[in-house]
Amino acid sequence: MTAPDAPKTASRFTPARLFSSYGALVAIGLVALVLLVWAPGSLSAFRLGNLGKYCAWAIAAVGIGLAWGRGGMLVMGQGVFFGIGGYAMAMHMKLEAAGPGGVPDFMTLYGNGTMPGWWEPFRSGPFTLAVIVLGPAIVSFILGYGILKRRVKGAYFAILTQALAVAFATLLISTIKQTGGFNGLNTFSTFFGQNLYDPQVKENIYLITAGLLVFFLVVVWQLYRSRYGELLVATRDAEERVRFLGYDPANIKLVAFVAAAVMASVGGAMFVPIAGIISPSNVDAAASIMLLAGVALGGRSSLLGPALGALAVGYGQSALSEKYPTQWTYFQGALFILVMLFLPAGIASIWPKLKALVPTKRSASPGGVGIEAEVEADAGAVAPV
Amino acid sequence: MTASFLGQDYLEIRDLTVDFDGFKAVNSVDLTFLQGRLHFLIGPNGAGKTTVVDALTGLVHGTGRAEFRGRDLLGMKSHKIVRLGVGRTFQTATVFEQLSVLQNLDIAAGLHRRAGSLLLARGKTPAKVEEALETIGLTTLANRPAGVLAHGQRQWLEVGMLLVQDASVMFLDETVAGMSTEEREETGELLQRIAGDRTIVIIEHDMEFMRRYADFVTVLHAGTVLAEGTVAEIQADPQVQTVYLGTVTEVAADA
Amino acid sequence: MRELLTPFLTGTASGAILLLAALGLTLTFGQMGVINMANGEFLMAGAYVAYLTQQVITSTGLSIIVAIPAAFLVAGLLGLLLEVTIIQFMYKRPLDTLLATVGVALVLQQLARDLFGAQGDPVKPPTWLRGNISVFGYHWPHRQLFTIVLALAALGALSSVLKYSSFGRRIRATVQNRELAETLGISTRSVDRMTFFLGSGLAGVGGVAIALISGTNPTLGTVYIIPAFLVVVAGGVGQIKGTVIAAFAVGIITAYLTDWTSGSMSQVIVFALVVIFLQVRPQGLFTVRTRSLA
């Protein structure tokens, strides 16, 4: 299972170029301009809200790109971490709506109107924010430590994470008195004291979400160009070899897994004030797979691919499901099939392919540049793992 | 084992046994690897050469004792063994093809870095890496992807990676296999250069290469030590000749 | 006594369904490294075949007899189609097959919704499956017993095919050493296809059993796919013996946990148990130990 063989399948990015150039930072800057300057000025409040929702998904997608694209861990249960952040935020907002000492409405509706003790601390904003960051970190660390240290990987890892999402959603549905069950948590009034129906507050929430997306893009940009980023790719391609360099591959992967979980949680937390709801259907296996769709489409191992892919899939879903509700499932299914068959490195891989088709002046020049171009062209023909 | 210790660093193996569901691939082997000499492990296919190294590097489970700097390597995790200063290469050279020669060495040199510093991008090339590039003669190729290296150059890169990870014990598994004559010579000289304060163990099939560079030879056969000694002693050993199904000249002419 | 016995009996029956779902998975995973997430939809296809045959053949008894081979054939052909159109191009990329087959599963689910409606349809069991037998005072439905018999019969058939037929020998040769099998003149391509056909067909048979117990439903596959995969993981990939033990163990343990806690809690606990189990045996119950690293 664990051959220390050389990476046979190449990935499309060439680290030497990516790490050394600041071009990627410029691209992030462009994304920031569009999301933070252009969009608020040009889109209607409704559209902006939708875009905010896609941004929340995109934050989770950036984490998936890190874990799956760079780390080789197919995380099929990110909905769980999305849900931890989402439910933590929703609980806080629910308690805000209930007022000091109040009990969330659904508890009176489904139960006897008493609140479970573990809800109480969520009245505090700082506590809620801490849970949003630390909760997924702790859960993913324990789970990842258990799974990765035992060298469970590949499909095993993927299946276990998906099983986690199934179990999590089932648990939520069955605890209607504590978590709102199938309906989830909804009908909020304020977000940290701000009136949710105020258009300016709505825009601010959007700006925070889009800002967080840009922030996490910068974080992974730094991670990808760091020594850790190189090590992560090395671990993905030849885990055993890394072990014989004196590193524990489990620790390297664990960092990416935990970071991805925190990003998913932050995405989930921002999803709630924008969408006005969090329910099991936002966090179950199907929702987790939906998060993967954008990452696969955009290009899992590229920097911007996962985020842009998630935005595109989010847009596609609402655009299509408005007009043809059932057709969207076909689209989503076809997207997985076609991308995996024909474009496993996503749309991000089209550009280098096109460049490789056109002989450039660079490749004619002698020395290192020529070789680099050659490798790039070569890598374009091979699918990544 | 009465050989005088050339250096203070050594790896002492006693009663090493590797059992694959009843089949003893390595059967009660005693070995002592000393600092400063090129120690060759030879033997026919299936003799247990690689398995010995696998057991010493935590890849397969072995029983017995393998003491290095007061620690028993058997039962330790692979990456901990490496951190202790025991490194190895594999029969098929495994370098990170996507990464440049420099990046390969840099990753290998990083095992003692603090976790926090890993989050930074590489600034200047570490001196250790520059030095290793020089030693293995790949300075001019430092920025090429390792994937474009020739077979021999890859093997040297692997040796370089062992150098930068401060391996004081190096297990080299068939490093010169598939190399040209000139490459073999360069490899032999490279190994002699770095042997000084290191313990180098070479698994080899190439008898010519062994004759030229071996300071000490252990012949394994069917999981046990058949003979030990200098090249001359080994070649004169009738048992070794029987195992290799021929005469000394045939042994010399590549078994 | 009855409290202890009841979960055991119902658990054995759900274990039997898990077994039928997991056998195909373990074969294709073990032999080709392919993770077929659409296998659950092959169960669903089998259930709909049972429903459709009942629309054509009014005699419930006869229709079930016809439905079993028909479901095997339909699900098997679906599997074959999947192999030929998608999976054969992705053998080197197991994680990508996983996602591609997720896509197939989504399409098949929606197709079932569009063809048969989002609501499930009941499948009437024949009279000889409607009764109960009394086991220490518990009225055990014949249908559950039938499920177990069906699973064991399928297991027996599969084992004898693997053991005695030349096709089975070729499968085992391919599982153990693909390259060597090829050099010996075995067409591993056609072996792969047959394995896919066989494994998917078994899921179809499982679908008939499910239809008898709980009717059809477009999302029926999603209920079984994850437990079936946990069975494969716990049993050891490619290990039929391990899969059998794990299937019944998961079925029975889930039944007891459901009895003691609740249906949803039992899922969570079973998941936790599998993770803990993998701490002890990361490769599952049974593994082939080899010297090679690969």
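To keep things simple, chains are lettered A, B and C as they appear, and every chain counts its residues starting from 1.
As a working rule, a contact is a pair of C-beta atoms (placed from the backbone, for glycine too) under 8 Å apart; a residue touches a chain by one contact, two chains touch by 3 or more.
As the structure is a computational prediction, the values presented were derived from the model and not from experiment.
> Could you name the chain whose Cα mean is nearest to the mean of all protein Cα atoms here?
Closest chain centre to the overall C-alpha centroid: A.
> Work out the mean Cα position per chain and let me know which chain is farthest from subunit A.
Farthest by centroid: B.
> Measure off the straight-line distance from the CA centroid of subunit A to the CA centroid of subunit B, and report it in whole Å.
Using C-alpha averages as centres, the distance is 43 Å.
> Could you state the distance in Å from the CA-based centre of subunit B to that of subunit C?
The mean C-alpha positions of subunit B and subunit C differ by 48 Å.
> How many Å are there between the centre of subunit A and the centre of subunit C, using C-alpha atoms for each centre?
Centre separation, subunit A to subunit C: 32 Å.
> Counting only residues that touch at least two other chains, what does the list for subunit A look like?
If we look for residues of subunit A contacting two or more partner chains, we find 4-5.
> Out of subunit C, which residues touch more than one other chain, so two or more?
In subunit C, 293 touch at least two other chains.
> Residues of subunit B that touch two or more other chains: which are they?
Expected reply: no residues.
> In their complex, what parts of subunit B are in touch with subunit A?
Contacts found on subunit B: 57, 77-79, 82-83, 87-88, 90, 92-100, 103, 106-108, 110-111, 113, 117-122, 143-145, 147-148, 161, 165.
> Can you name the residues of subunit A that touch subunit B in the complex?
Touching subunit B from subunit A are residues 4-7, 10-11, 14-16, 19, 222-223, 225-228, 230-231, 233-234, 237-238, 241-249, 368, 371-372, 374-375, 379.
> Along subunit C, where are the residues that touch subunit A in the complex?
Within the complex, subunit C contacts subunit A at residues 29, 33, 35, 86, 89-90, 92-100, 102-107, 109-110, 113-114, 222, 226, 229-230, 233, 262-265, 267-268, 271, 274-276, 278-279, 282-283, 293-294.
> Looking at the complex, which residues from subunit A come into contact with subunit C?
Per the stated touch rule, the residues are 1-5, 9, 74, 143, 146-147, 150-152, 154-156, 158-160, 162-164, 166-168, 170-171, 173-174, 240, 285-286, 289, 292, 296, 326, 329-330, 332-337, 340-341, 344, 383, 385.
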